Structures are given as C-alpha cells and as structure tokens.
Amino acid sequence: MPVTERVVENLNHALHGLFERDGSVYLLGEDIKDPYGGAFKVTRGLSERYGDRVLATPLSEGGIVGVAAGLALTGDKAIVEIMFGDFIALAFDQILNFASKSVSMYGRRVPLRLVVRCPTGGNRGYGPTHSQSPQKHFVGIPGLSLYELSPFHENDAVLERMFRSAEPCVLFEDKVLYTRRMYRDGVVDDLFRFDYADPDREFARVHIGDPDDADVVLIAPGGLVDRALAAMRGLLLDQEITCQLVVPSRLYPFDPDPLLPMLAAAGRVCVIEESTAGGTWGSEIAQAVHSRLWGKLAAPVRLVHSADSVIPSAAHLERDVLVQSDTIYHAVQEMFVG
Amino acid sequence: MKLDNADLELLLLIRHFERALLELFEAGQLNGTTHTCLGQEYIPVALRTLLAEEDYVFSNHRGHGHYLARFGEPHGLLAEIMGREGAVCHGVGGSQHILRDRYLSTGVQGESMPVAVGAALHLKRTGSTGLAAVFVGDGTWGEGSVYEALNMAALWQVPLLVLVENNGIAQSTPTTTQLAGSIADRAAAFGVRHHLVRFQDLDEIRTVLGPSIARVREAGEPLVVEFLTSRVGPHSKGDDTRPAEEVERAAARDWYRRYAAAIPDRFGACDKRQRELVEQIVHEVASRPLSTWDERCLSPNA
Amino acid sequence: MPVTERVVENLNHALHGLFERDGSVYLLGEDIKDPYGGAFKVTRGLSERYGDRVLATPLSEGGIVGVAAGLALTGDKAIVEIMFGDFIALAFDQILNFASKSVSMYGRRVPLRLVVRCPTGGNRGYGPTHSQSPQKHFVGIPGLSLYELSPFHENDAVLERMFRSAEPCVLFEDKVLYTRRMYRDGVVDDLFRFDYADPDREFARVHIGDPDDADVVLIAPGGLVDRALAAMRGLLLDQEITCQLVVPSRLYPFDPDPLLPMLAAAGRVCVIEESTAGGTWGSEIAQAVHSRLWGKLAAPVRLVHSADSVIPSAAHLERDVLVQSDTIYHAVQEMFVG
Amino acid sequence: MKLDNADLELLLLIRHFERALLELFEAGQLNGTTHTCLGQEYIPVALRTLLAEEDYVFSNHRGHGHYLARFGEPHGLLAEIMGREGAVCHGVGGSQHILRDRYLSTGVQGESMPVAVGAALHLKRTGSTGLAAVFVGDGTWGEGSVYEALNMAALWQVPLLVLVENNGIAQSTPTTTQLAGSIADRAAAFGVRHHLVRFQDLDEIRTVLGPSIARVREAGEPLVVEFLTSRVGPHSKGDDTRPAEEVERAAARDWYRRYAAAIPDRFGACDKRQRELVEQIVHEVASRPLSTWDERCLSPNA
C-alpha cells in the first residue's frame, strides 16, 4: 500500500484549493495564521498565501460566526474555525437563530454559504471543556446541515458540496483523525476493503469480501472509524461475526434509503458515536431505521455511545467514559447473545 | 421653520402607519406582536439622505420607521404584518424579520452587530464606499455580542455605523438600571468615535452627521451615533407601565406636537393626507388574499 | 366543576411560596419587576415583596445564567427567567459548559441549585425567533434535567423537586398554557378523567373509563395537552379509537419503566411534541421504548412534531407548520390503517 | 532588596512546579495539555496577602500559580494533573478545572466573569466583607461575557475584583491585533475603577493595591486591576511561535533573572531548595496509584 496523505493534510489541501480557485472565500478563527497555523495546524500556509482573506480573530466565538454570516449574506463564502468544538456553544445563538434561520425565515430561500469547522472529541486528555462531541445539539435545526470529517471522504468534494448547498453547515472534525491517513483505492488494510454504497459517495462502506453479506451493519461517523475497525477485526477473528461499516459524510439530514437493503439483509444495525448518552444522533438514525424497516430487523437498533458523564482529564478515567473499540466489540457481541 | 415637504410626508406616513397598527391590534385584526417607533420617526427620516443604496442596513424589532424611510413604500410592509399577498417576506417574517435588498431585520437583540461587521468587511474588501449601518436600542448594549462586534470593527477598521436609539428605556426597564457608565464611554473603550445627538431637527442632524458618516465610508472608520430620543408609545402594545408623568414627559418631546404647533397649516394638511393614505392602504391590503410562501422554505436543509 | 386557578397563577403562587419559605432564593430576568411583572406576568408581585432578591437584569441572557450559577455555587438557589425561550441559545455555553458540568467535573458532586425558566412554543404569531421549542437541544447534557410545565403538575412540587436534585434544571413553559386552567380532582372534562401512573406523580395519565384499556398511548409534554385532548375526543367519537395520554413532568432523564405495562398492553405508542422535525425529544423516547418493548409493539413508535421549518409569523402559515390537534388526529388514525 | 522569604519560596515553588510540568510533558509522562504561568508567578504571590479566605477566587487555564499562591500545597495539584491519588479533583478536572473551597477554575475563557458576579452578589447580600476575584488574560477581553458581567457588577455595585494578566499575547496572537482601545477604557466604559500595574515588585504592588482592594470590600465597588506582564514560556507546550527577539524581551523582564542577579546568595539557596522540593514531590506523586472518582459523577442527572 502506498502511504496516503494524512487527514489533516487532505483538509489543508482542500482549503488551499478552495482559496486558490475562489476569491470570495474567507477564513476566520483564533490563532489560524502562520506560523501558528491553528491549534491543530489545519490552516497552515493559508494566511501566508491569502493573507487578506484569512482573519485571526479575537476570542469571540459568537461574534466570529456572526461576522462570517454577515460575509455570507453579501454573497461571500465564509469558513470559521472554532478552536475546540466545545466553544461552539458560544455561537449557538448565531447558528440557530441567525444563520440557519436566514435561509428561510424571509419567506424565500436566501443563500448563505457558511461552514463552521469544529474540532471535536476526546481521548487526548484535554478535559471536560475541551473534549466534547456536540453534534447532537445541532441535529434538527432547519436550514443547518451537519457533516463529519472522515478518512474516506475527500475534503475538497465535501467543502464543495457544503457551499453548493448554499446554506450553513457545521463540519465536525474528530481530533484523533487529523494524524490518521486517508484511505484510497478501496483498500483499508490486510482484512478490509471499502467502496461506496451510493453513486454520490455519501456512504463509504467497509466490508470483508462480499459487501452484501454481513451479520450486522455498523453506522459510524468518521471519527469512530479506527475504533470500529478494531472491533470488527476482533469480532471476526474471535467471534466469527462479520460486520459491515457504513460511514456517512453528512450526519444530518440523514437519508437512510440507500442503506435499507443492506440493513434489512443483515437484520442487525448498530449506530456508534462518541457523544455522551442521551438525545444522541444515533437515536435519530435509529428512529428512521425502525420506522422504515419495521418487522424486518432481528433486534432493535443498538446505540453505542460514551457514558452519561463529563469527560475526565486523566487518561485512565477518560478511557472508561468514552467509546473505545472494546465498547463496540462488546455491544455488538451482545446483539448476538440476547 | 425649515422642513422639507418630503421629510414631513415621510414622518407622518410612519406616524400614521404605526398608529394604524396599534388600532388594528386593538380591533383584534392583527396577531403576534409589534413594536412601533412612535416618537422616534425622525431618526430614520434624518438618516435617509445620509445613507446610500449600496449601504447595508440592519434593523431591529422597532424597525417599521427604518424600513419606510428606506423604501418609502408601506404596502409590502403592511402586507407582511397582516400576512397578505404582496408581503415583502410572504408573511413568514412578520413585523420584526424583514429582508429586502440590503435591508435586514431580526428579532434577537444584538445578534446583528457582528453580522453587520461581516457586511462592512465585505464592503471594505471589495473597495465599495458603502457602509453597514446597524440600529440598536440602549438596552441592547447589555448583550455581549455588541462588544465582540465593536472590537472587531475597530481592529479591522471596517465601515460600521452603529445607530443607537437611546430612548431611556428597554421594554419596562429604565436605562439607568440596565446600563452602567455611558454609551459614549463604551465606544471610546474600543477607540471608536461617538457622536451624541440630542436634538430632533432633521437639518441639524444631517449637518452634524454628514462629515462623520463620510469618514466612515472614506476611511473605513467605525462610528457610533447615539440619538437621545423618546418612546412616545408602549413597548409593544398596551404594555406601558411607566408612570403617567413620565409618559407625558416623553410626549412633550414628540416632534409631532412641536411641528403641529410650529407650522399648523402645512402640518395639518399633510397630516390629514397621510392619515387618509394609510387608511386607504390598510383597507386595500386587508382585502388581499392571504400570503403564500416559497415551498422550498419547508425542509430548508438542502 | 369548580373553576381552578390558571396555570400562570399556579406557577406564580409556587414562586411566592418558595420566596416566602426560603430566604436563599433569587430570581433574575429581564423586566420581571412590578408593575410589569415579566413579559408573561409569571413573576407578578415578587419584586414588591422580595425586592432585594428579585433582580431585573440588562439584556444579557448568557451573563444572567452565569450570575445565577455563581449564586448557586455559593449555596443560594437561583431562578432565571429567559423572556422568550428562543434566547436560551445565548446561554447555551453557560448551561452546557459551566452550570451542568460543575455538578460533576470536579470529581465529586457539587450541588448547584439553578432553575432556568423558558417560555416556549408558538401558535401566537410571534414569528421565527420568538416561537421555538428548544427542548431537544438540551437533551443529553450530563448534570442537566429538563422539566415542562403541565396542567396536571403542581408547580410548588415541581420547583421543590428541581431544587432537591441540587443540579441545574430547565423548566420549559409552553406559552399557550399560561392562561389555561389546572386540572384537579381527577377530572379533565365531561369525557376524560386523569390519575397518575406512579406514586411520585411523575406521569399524569388521562383516560376514559378503564386506564388499562386503550388502543394507543400518547406521550406528550404539558404544552400539548389541549391539542392531544381534542384529538383524543375526535378519535374516540369519529373513529372509535381509545387513546390514553401520558404527561410527564420531567422530560429528561426519562425513565419509561413505570409506563411499560401500559405501552405493551396498548401495543401502539405515539410521542407528541411541538419541536420542529429532526433529533427530537420523541426520538429519544422512541429509542427507549423500542429497545425495552422489542417484539411487543404492533407498530413502530410514531413521532408527531412540527414540520421541518422555521415558524412563520402569519397565523395561517404558522398553523400549518406547528403541530395542531388535527395533526395528532391524523397521525394516530394512520397508525390503525397502515 | 526587600523580599520576604515566604514570598521568595512561593515564587520559586511555582517556578519549579511549572518547569517540572513542561519536563514531564517532554518526557511523555503527562497527557492532555497544560498552561504554565512562567514569568507571571509574581502576580498571585503579590495578591496572596491581599486576598482573604472568605474571598472567592475564579481562575482560568493558566491557574497553577493562582492555586499554589492560595493553598501553598503542590501535592494535590500535581496529583490532579497526573491523575493520581490525592488529586484535588480526583483527576477529572486536570490542569484547568479545579475546585477547592472557594477557589474554582475552568477552561472556557470569559465564562467565569458572570459567575464571579453571582458570587460577589451573594457576598454583598450576606453582609460579608469578602470579594470575588477573577483572573482573566488580555485575550479574554474578546469575549462578550466579560462586558455583560462588568455591566451587572457596576449596576449592582458588587465586590468584584477583576485581575487582568495582560501578557501582551493570546496563544499566538499579539494583543495589538486582538484588542482595540485599552483595558483601562473598557473598565471606564462601565464606570468601573481601573488600576494599571507596570512593576513586579511585590511590596510596591501590595502598597498600591491595598487601599483600592479594601474599597472593593467595604464599598462593594468593582475594580479592574491590570498587570502588564510577560509570558516567559510557551502558551501551552512547545507552541511558542514568537520571534526569538520577542521571547528574549519577555525573558529579560523575568523576575527570576532579576532576583538571581540582585540577591544571588539567598536566591541561589532558595532556588535549589525549591527545585529539589518539587523534584521530590514529582517523584512521590508519580509513584501513587491512579486516582478514582466519585461514582455519583457518572450519570450525574439526579
């Protein structure tokens, strides 16, 4: 296997490409300028090349999203980096009550090309206010779409798609993914292969051998891919349970229709996410699947998520709270026992 | 008394528009809520000649006067408030959520300040001489978004014009109990220029503000203009809990009374004309069919 | 039937009682002082009697919740009124990242007696930024409990319970409920009676005749009661469908266990809420019910909510977007056709 | 040179504590992140004698010095950062989320300002002479919550003491590009008193601030104290992208160098003692078992 680029590089290149092609793109965020290049180095090199469209801002998460929405209102395209996804809470009003609403509350569609980038997730010891997965709080906002970074989805296409929609989008980026490598050419590793379940490449699908033959289908956003793969490997080798993994690029709205034949064939579905318990994205997916495949599933859709807890700083405590590959392993295993 | 006819007509158009709304509410012909600008009409009217078509204007809950001063056209706004055909936002936005060309209002106080900074940034980067004007009340200075916006506007020197209608009250709360220090000092805190306008004379306002606003356009220097004004009517409808003396004190400052006394003949004729015009418009708009909206606004997620 | 007090009076009296009994209670909010008494008059009379503990604040939703959390940290009890629930978005960070987290992120339980009151809902023509039902965005925050005003639940007991939990709570108050009357003595109207499904009176239960004999169980928070009752009446009289209605006082966490026998007996469950579509509270309830009653339901849990849309101002447009009694009627009817 | 021994010991305890953390990180023995207060240690040390036990102290991400100056006890803090038994918050909070008695820190900038106003309000209403002190950096003045809090503190005249550690930078962003105007003017905007402290001498600081802080307690008048200081180390670890000259300029202001030169013997002895003390503590804490936390923190919803 040739060594592919890291996910953070893929995203960085996509941003460079976008700035290069389109003079109306702006980027705003804290500490995003060179040489610092952002807390996670996603924006490296942009300010040097496109300085007048890359604005290092004060600490003002709400204000920055507002400014970006203002740019978008004038027809520009605006990207905001929220340094840690947890701080998007400070911009909740601007996202819910201004940007998303403006798309439709004036009685006609108003284009608003705004992407809020949000590094999320834990397992890095950053502690309770720097480790959350806030996706679930943004599900079901009319006019707002949610995407998640994935090692299967090329970021230039994802950015392109978000702007094409002409509505505000949040791109959640699991921090653990940045240093991972993109998957290319249908190969995941010695065991697993991947393709896409649909022509638009919305759903990446990881399988072993025949994609239509799995005991259970796992649905997980990009940040969970590593952990899901490790669990799948174990389940296959130790338990002879064949899993198929589906990774969507867009979390919301989520149209399960292209997946229904696979899900029905397997009869077992497990939705995995890092969010702590309660009102999760997974319960939204589960409801869609239950109502569409009523009578065709062998078991209720199983949700796997982190514990109902804040996320501790100490590694040994954090590990227990957050979804790990063994959490997934045991949850899937249980589906075949109960 | 020097008073342009067009200005007088506009002042009285807004006055009768607002009065008509309160009457419609009382008659149970409107639902929801509304915030009239009774007593404050002269502010957008004075600014009318200082703002240009290329300018973005961000209005707030008390925005009918801002709208009418910009577009001079009451039918679409009334239809909006009544949910009738021809409504400028198809009846979806209603009184406080309006978008037309470069004019936008919304109902969450303070939210528009950073948005206006974004629009101003765009204007600056595209070499336009336009500016982004944003109307806020004194009470809105309680919101943190105002300061996040002022800071960025000052740091980036964008053409932001903050128009403060300081009517001494926020809903039921006197400014003295919700605003510490002063708006002048709050502008100064960010190195932003500030102008206090105590008078209501349109010419005087225009003369004083003209050069300052020109500098916003030319140098991209943000500016805060604070109008000391009076809310002659209730906050929304029937919710004026101010003591009678205070309401009377506000009314005593009303341009309407002063002009009626100063130029009784011209004023009386124009007043009658505009009152009748608004009556007609109400009648006409009320008879229109209900508004319909763009189907693509349902399930707006693309 | 004797005329009972209005819901707004019940809440107002509960607040008076609380202030009277407990000198450590504070109330903060915009325009809550007399003679104005708050935008919806809930706080009438409090500032006159307890002036030094009733603070009319500047427009600073985030700041107010922060101040209240500070009071709570010192051992006081703090209540915040957010004038319109939509503006709670401005306090999202304080609620998610400070108040709720402080309960557990210091490694031990820290008591934090804070209630954020939140008038919600539409059908009053207030328009897109003054009509929302933001409950769903707050589901699944560790350390935060969600309650909803109801005509079956005495507010003094509800307030008492929230403070007893010693953790931050949000009380959602559907504006249309304020002027309705409390239900007392087991009587709803000529047709319906009510009791409680559990000794703690967490779940009010409206039924006709035998509480254990229903074709379908509706679960709805307090704000939906009127609409649900109208639908139930029509379904009974026109369609001979017998509905039972369950109204929880606490929306989250939601423990469905006391309800399971009823739900299993009916075999059909419908969850109703005013929230617009997507990621709703109902999908959380549905997931709990599906996994507990797998194989025992005749149909998937049916969710009824408002359209996927902003909430228009004009009455005729607003009506179509929001859940009405006929929306409920048709949804339930469909459960017996499909 | 006048320098109390206890002060010197505390200064050097903090210095070596912070250095040890950076070393532990480099050695891969710590995970997560940390923000050391290298260069700024003198601020909490100077304030030590001005703050009382009844005072609430709200700290921020750069809080180890604040903690050590208040409690003088490094074991619990180090155990917290290392996730070991005896951790003051059982390892859950880590470096930037600490609660002990009336001391609290958290990791979202600006969030604590209104919270501190709440604590100050409580103190005022209960007739205490305590105050609520809140540490914020210059960059944190970008957040709207700071202004919402200042406004309420000034309106209600509560004993709020804002301690600004203005080190000229926020993470990688120079203050000049993130803060328009000045902190002095921002306090003035709300009618709040402001003190600028340019010097690092502990006695001088105490002499100058003593009466002002007393007034916070006695009259319940909020106060902003701004320390012009220098961040001698990186923002967190290994992320210092400032030009070498600038880092050197910061280092030149370091009290550590100045004291070493001014009182070499006393300093050298104390420095060695504290370095060894910290080494011992690191050794001892590192050998403790891992921390455990209160079960009731899982599923915290009551």
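Letters A, B, C and D name the chains as they come in the text, with residue numbers starting at 1 for each one.
As a convention for this text, a contact is a pair of C-beta atoms (placed from the backbone, for glycine too) under 8 Å apart; a residue touches a chain by one contact, two chains touch by 3 or more.
Nothing here was measured: the structure is a model prediction, and the numbers come from that model.
S.K.: From subunit B, count the fewest steps through touching chains until subunit C is reached.
M.R.: Minimum number of steps from subunit B to subunit C: 1.
S.K.: Specify the chain most distant from subunit A by Cα centroid.
M.R.: Chain centre farthest from subunit A's centre: B.
S.K.: Centroid of subunit A to centroid of subunit D, CA atoms only: how many Å?
M.R.: Inter-chain centre distance comes to 36 Å.
S.K.: Could you give the separation in Å between the centres of subunit A and subunit C, each centre being the mean of its C-alpha atoms?
M.R.: Measuring from centre to centre gives 31 Å for this pair.
S.K.: Could you give the separation in Å between the centres of subunit B and subunit D, each centre being the mean of its C-alpha atoms?
M.R.: Here the centre of subunit D sits 45 Å away from the centre of subunit B.
S.K.: Using mean CA coordinates as chain centres, what's the subunit C-subunit D distance in Å?
M.R.: Chain centroid spacing, subunit C to subunit D, equals 42 Å.
S.K.: Name the residues of subunit A that each touch 2 or more other chains.
M.R.: Correct list: 57-58, 60, 62-63, 86-87, 90, 93, 97, 101, 104-105, 107, 127-129, 142-143, 252-253, 277, 308-310, 312.
S.K.: Could you pull out the residues of subunit D that touch at least 2 other chains?
M.R.: Residue numbers touching two or more other chains: 87, 90-93, 97, 106, 108, 141-145, 148, 151, 155, 177-179, 291, 293, 297, 299-301.
S.K.: By the document's touch definition, which label belongs to this structure's chain graph: line, ring, star, complete, or other?
M.R.: If you draw each chain as a dot and join those that touch, every dot ends up joined to every other.
S.K.: Could you please specify the touching residues of subunit C with respect to subunit B in the complex?
M.R.: For this pair, the touching residues of subunit C are 30-31, 33, 35-36, 39, 56-63, 86-87, 90, 124-130, 277, 307-310, 312-317, 321.
S.K.: Per the contact definition, I'd like the list of subunit D residues that touch subunit B in the complex.
M.R.: Within the complex, subunit D touches subunit B at residues 141-148, 150-151, 154-155, 177-182, 185-186, 188-192.
S.K.: Where on subunit C does subunit D make contact in their complex?
M.R.: 26, 52-53, 55, 57-58, 60, 62-76, 78, 93-94, 97-98, 100-110, 142-145, 164-167, 252-253
S.K.: Touching subunit A in the complex: which residues of subunit C?
M.R.: Listed in rising order, the residues of subunit C that touch subunit A are 86-87, 89-90, 92-93, 96-97, 101, 104-105, 107, 127-129, 134, 136-143, 252-253, 275-284, 286-287, 290-291, 294, 299-303, 308-310, 312.
S.K.: Hey, which residues of subunit D end up touching subunit A in the complex?
M.R.: 31-33, 82-83, 87, 90-97, 106-110, 139-144, 170-173, 177-179, 239, 241, 290-291, 293, 297-301
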